[in-house]
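Reading through the structure tokens given below for one structure.
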Amino acid sequence: MKDGKTLMNFGEINRRTLMIGAATGLAVSAMPKRLFAQGAPTLVTSIRSLSNPYHAVWKTGAEAYAKLVGLEHVTLVSEGNSEKGIADIKAMLAKTGGNMVLNSDPNDTPDARPIVEACKAAGAYVVTQWNKPADLHPKDFNPNYVSHIEFDGISSGKQIAEILFKTIGGSGGIIALGGQISNTAAIERKKGLEAALAENSNIKLLDFQVANWKSTEAFDLTSNLLTRFGDEIKGIWAANDDMGTGALEALRAEGLAGKVPVVGIDGIKAAVDAVRTGEFACTITSDPFWQGGIGLALGYNALTKKFDPTSEPPEHREFYGKVVSITKDNVEEYYKTNVESQPALDWSDLWDRVTGQIRT
Amino acid sequence: MTINSETMKPVTNLERTSAMDAVFARFFRGEAARRLRTFAPLIVLVVLCILITIANPNFIELRNLIRIANSAAVPLTLAMGMTFIILMGSIDLSVEGALSIAAMVLVLLATNDANANDYGWLAVVAAIAASTAMGVLNGIIQTVLRIPSFMATLGVWFIGLGISVFMLGGSAIRLMDNSIRSLALERFLGLPLAVWVAAAAFLLAIVIQYHTRLGRHILAIGGGEDVAELSGVNLQRVRITAFGVAGFFFGVAGVLAAAQLGQSNAVIADGRLFAAVTAVVVGGTALTGGEGGVLNTLVGVLIVTVLANGMVLLGISPYVQQTVQGLMIIAAVALSLDRLRLKIVK
Amino acid sequence: MLSVNGISKSFMGVKALKNVSLEIRPNEVIGLIGENGAGKSTLMRTLAGTLQPDSGTMTLDGERLRLRSTRDAAVHGIGMVFQEQSLLLNMSVAENIYLGQEHQFTRLGIVNWKAMREAARRQLGKIGVDIDVTTRTSELSFAARQMVELAKALTLEESVSRPLVILLDEPTSVLTASDIDVLFERIRSLKKRASFVFVSHRLDEVLRISDRVYTMKDGEVVAEHQANQVTGPELHEIMVGRGLHTEYYKEPRQMAPRPEVILEANGLGVKGAFRGVDFNIHAGEIVGIAGVVGSGREEITRTLGGFLPQTEGSLKIRGEAVRFTSPEQAVRKSIGYVPRERRIEGLVMFLSIAENITLADLSSVMKNGRIDYGLERKLATDWIRKLHIKAPGPDIACRKLSGGNQQKVVLARWMTAGSRVLILDHPTRGLDVGAKEEVYELVRDLSAQGIAILLLSDTLEETIGLSHRVLVMKDGEVTARFDAAAGNKPDQVDLVREMV
Amino acid sequence: MKKLSDIFAAGWVQGAIPPALLVLLIAIVEIGSPGFLTGETLGLLLGNTAVLFILATGVTFVILIGGIDLSIQAVASLASVILAQLLPSIGALAFPVAIGAGLIFGILSGIVHVRLRVPSFVATLATGGVVAGMALWFAQGRAITIEEGGRLSTTWINGTVAGVPVVAILAAIVGIVSFLVLRYTRFGRYSLAVGAGEPAALAAGVNVDRTKIIAFAISGTLAAIAGVILAARLSSGSPSLANQLLLPAIAAVIVGGTAITGGLGGVARTAVGALIISIVRIGMTFIGVNIFAENVVFGAVLIIAVAITIDRSKIPVIK
């Protein structure tokens, strides 16, 4: 069969030429001017994504610190893809020649090792938060691996569980929503819940379900659990606020918002609002704004020889940070200082939120 | 003269009757089998419901059925849009992008806790319009640049997601417009309004598929693009319109999702794509196009929703839920596929 | 009156139409003949609006006509029934008839299906066909589909005030003789309301139905005749450029088969299709099977090809009992299947000639465990030369070849695979006279090489002409056997008597 | 004009377009961020592309036969978990076990698809779910660190040979073997035939079912190899290790110019496609594209890249 080959091909060439032109234009227009001054280090924040409130606040904190010290700041996101997260960091290391400070929330526990190894090799200073393998230690990568910061998931999980138990009067059934199964924080927070349950024999855990940190999944799961247990559910424990708010909306759809208290972790705005209206019993925040700044501050001070990581005590190399619990009692104040206005932190005291060395 | 000379008069009528007989014989044989196949997804659904009820009678409670309807509202609306695309033999991977765009536009224009806008129901219109526009963009990219829909929509997915992350600045913004929230919170005849909206979307999809030219032309393209073109079907226009219609449904789903969750964040649509495709395929619509329809999809959505509900009701461990769901999908599809017709399975 | 004035069209530098002019007058059936590649299809597609000429003009009733799409053509009352079946198998008859014209039944965006079904029923009534308009077209026979196509083309009557021009591009190629009669009857009765352009490879048909005949050759109109003033052989000579062989089926080359039995079927049967079929084929023998649709002969070829597993009886290849559950097994036992659906089952259209030739058996071009591309090309080039396949080279995709050349590639594949049994399922379907002759020649060559051949054919004449023996089937059973030695061929009437 | 179109219609030009696009992209990044083109960054680029490429190569086999494999990320994660779990107890034997698991699940996907006649899209989506569940169960829901002792058998993967990362060499080996398999074996030829015209391949005696199952088996195996490499690079296994790699892998195949409908394309194209995807990703970091705009740019570049690379003359219908 012969057909309109000539015409078609001609069309294609035009289309192709057009596309190549467009590609060039697009790529070039996407290039902002390079601002990297020689000599000054680049501050780099590596987080999972910008699509969750927690990391969005983290980024604000990081930018606030960068502004404070007057340095260029770059945010990298892994979009939940470990390979991409690591590749981006390596690319930044190559680009800055190692003259950078990295504050990283590794996408997954395993990612920390290659990230730290790459920074060490390039001579960059790195602080990791939340996730690292148990056998990876800052002291083995002196001086570049400055610190690792975590928040005691077990105590957070336990703390919110206890507040929840108190709110529902010390007895009754609750349901729990956990984070992504393999995630360290999810596992620890669940342990905290279990510890609290062990101490409160009148509280019955009706079911533990996994909502992968997401409000949408929590929404569907909660409405299904409401069917299964109905009025038996007196309270909801969520391993983070996103899931907590999803559960809250499922309650609202049944007219149960405010009647069945919810607790969560992270202190996102929606949760703080819910605490104000009494729909949440409490939320706990690790203060991502502080986290965003402190990681960079530690690294920058080490890089500029303001302090020597190698001579710091172990509880400054791997430590638990301080968490703030937000309940009915302190929510108005927290709202004023942290939600309505940007908190004013200067990060000059590097160690003021250290609560102790990380358990091994 | 020897070429095909004599016409074989004696054969004429006889052969025709026998040919017709054969046609009828085949028709009826095929029909019976097809009828059974057509109802296979429905049978799967019924069996699933019965099994779950036996294990946990709470399942059949009115309250739970209402909850299932409520959980199915967003997936059903999404899957309606997806059905048209799959009927055409294309695929739309931009579901998550389109849905998050709609949810983003909605919360940013309606009363919210991030800016002072208060456009009320205009925001809903704008949200659906934005998502529809993305659908049209999909169609245009696919037809004008002649790129397989798989890639065109994959690209648009990233673009849509990027835009909504950018606009939301990464935070979750609360939807505070009470009239829009009432979609999720108010009830009419015992069912949340969201369910009525989804039902209306379903009816609209039925009308589009079975009662309009567009629906017919979508089916025609799925059945044979070249033939449809020769018959005077304007391929470009139908494709672009179909992607636009899909975008419209995604937009409605986005509005419902935001109303249900009371907020919008960029991950509001996470996991919706595969859920939608699964529902469409489990319902019996062929990925190759031309077979199936929105009625099938209704059953498919219910199967998937009931399964998720049932697994929680039965207290199946989160560790194995994924595995169970995978096995159930294989079983449902394997049972309902018309192997006779689908000689080639891709 | 539709007239075409000096149009030319070329593809990639090859002239497909050279300064072609013709006239289509009202109420007239125009025959258009020519070998494959003569430009008939290009001309038809130009008239139908799917191709635009490079130069030249078309006028309709004296007015300049520019057609950019089938839709344009439809607006001017030009409708086409395509060579390949152009119905959507996933839709009903009514939907197919009005595909692209639903607006007639649309009120406020809603299509009134009832009205459409009514209208479709009327359309089918006009051509005197009784088909349920809600039937899915996939359930219809080829003949019935052709009628639906005709009805579809005739729907233009309702929207166009002038008489229609209906283009029929080889509508008969997949029809049985009886269906052709029905079709011609319809055309004659419709002549009052429309003119037709009729393209076919079968010259006798063209002469039977047409008022005037245009003959094309190499992209040009080389002759115009009144149909009653010319004979088939005369047209053939103009078209092909040489005289018509009196011995069309190469009867003189029909050798007596060798004694060795290659294929032996005993009580062979498939539940619901055919049963108790006994026959054997000797080396070099051609056995034809005649029968109407539904007689079970199609299923026999599918069973031998490995597509349809036998449920009873036995099958032996060179004395070895076999039972196929897949075509692969059949191929391993040296059966080669030349399918009717050449474009779908015959060749992988997007692969090259070479790749298609070696598809069934790569071992001859494998060297040290890998495919030797040099060897493969050489093999393909040899076949191209030996079988006179018209192609620039072995790397050309098969979809670019004409039907006859494609069929040669299929045969070359089986010869490469060393097939001892060939199943020819309508081997000349859709081929023009010249290509048919070449295929017949090839069949005789294969027979001479000792290959056992089972033949199903479009016409009884071809079956009788080529075969050594003819089996007649009816309702799944063999009802008669005829000896068809050269010079002693059975009469068609006798076969027909056993078929019905 | 005609000559120009003839040139473009020529096969070799069609083949040369994706690499040309690759060069163009590298040039754009180099212009936007001088200093990009150094041995070190190129090594980084190759190393980072390796896992993506190996996954994409596996999918290429499946896409060539006209199917799709959505289970690769689950299979890769499972392999990483198996490796991390077994290294301490059985040492280097864990490698074949992990890769063997991929092979088995690949075959399983193939069998579900072929024997139960479930479309591959759904079949592999479902088997992916099953495999992900198994990985969770096998890892008891957590990431497993490969301890000091186990790392001895994985460090070689993270090394370099003459400045070239070992992972890149592994990827090259996988690529070359796959290329040879596709071009020089019966299976390779049958794959193309099945993808381009399944009924005709069947009628020609090709064992279509077996060809398909082999393609899925290869895809599973390569996914497992990718998972093992990933585990070695990250010194641990996790049931969510390879998440988010599925779509980039498929995108790499198609950006390289392999037709999603099957029958046209190959491993060399996939290599180019994977490099294009990598370059765009890393290039954005280098140029300093606004983090919020990254997804938008990536999406747009994907569309444009496909618009440039696909050979429309050989794809019958654009669906």
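Residue numbering begins at 1 within each chain, and the chains themselves are lettered A, B, C and D in the order written.
Methods note: contacts are C-beta pairs under 8 Å (C-beta built on N, C-alpha and C of every residue); 3 or more make two chains touch, one makes a residue touch a chain.
All of these numbers come straight from a predicted model, not from anything done at the bench.
Visitor: So which chain is the furthest away from chain B, centre to centre on CA atoms?
Guide: Of all the other chains, the one whose centre lies farthest from chain B is C.
Visitor: Is the C-beta contact count larger for B-C or for A-B?
Guide: Output for the comparison: B-C.
Visitor: Roughly how far is chain B from chain C, centre to centre by C-alpha average, rounded to an integer in Å?
Guide: 40
Visitor: For chain A and chain B, let me know how many angstrom lie between their CA-based centres, rounded off.
Guide: 34
Visitor: Please tell me the distance, in whole Å, between the geometric centres of chain C and chain D computed from their C-alpha atoms.
Guide: 43
Visitor: I'd like the Å distance between the centres of chain A and chain C, where a centre is the mean of that chain's Cα atoms.
Guide: 67
Visitor: Can you list the residues of chain C that touch 2 or more other chains?
Guide: Expected reply: 12.
Visitor: Going by the touch rule set out above, which residues of chain A reach two or more other chains?
Guide: 5-6, 15, 19, 50, 181
Visitor: Which residues of chain D are in contact with two or more other chains?
Guide: 2, 9, 136, 141, 199, 292-295, 297, 300, 307, 312
Visitor: Touching residues of chain B toward chain C in the complex: what are they?
Guide: 1-16, 18-23, 25-27, 30, 207, 210-213, 216-217, 219-220, 222-224, 226-234, 290-291, 341
Visitor: Per the contact definition, I'd like the list of chain D residues that touch chain A in the complex.
Guide: Its residues touching chain A are 1-2, 4-5, 8-9, 17, 21, 24-25, 28-29, 31-33, 35-36, 38, 40-41, 44, 48, 51-52, 136, 139, 141-143, 145, 147-148, 230-231, 233-241, 243-245, 248, 278, 281-295, 297, 300-301, 304-305, 307-308, 312-313.
Visitor: Per the contact definition, I'd like the list of chain D residues that touch chain B in the complex.
Guide: Touch list, chain D to chain B: 66-67, 70, 112-114, 116-123, 125-130, 132-134, 136-137, 141, 198-199, 247, 250-251, 254-255, 259-262, 292-300, 302-303, 306-307, 310, 312, 315, 317-319.
Visitor: Which part of chain A faces chain D closely enough to touch in the complex?
Guide: Those residues of chain A that touch chain D are 5-6, 8-10, 12-13, 15-16, 19-20, 22-24, 26-28, 30-32, 34, 50, 74-77, 79-84, 86-88, 90-92, 94-95, 108-111, 113-114, 133-135, 180-182, 184, 187.
Visitor: Quick one: in the complex, what on chain B touches chain D?
Guide: Residue list for chain B touching chain D: 88-91, 141-142, 145-152, 154-163, 165-166, 225-226, 274, 277-278, 281-282, 286-289, 319-327, 329-330, 333-334, 337, 339, 342-346.
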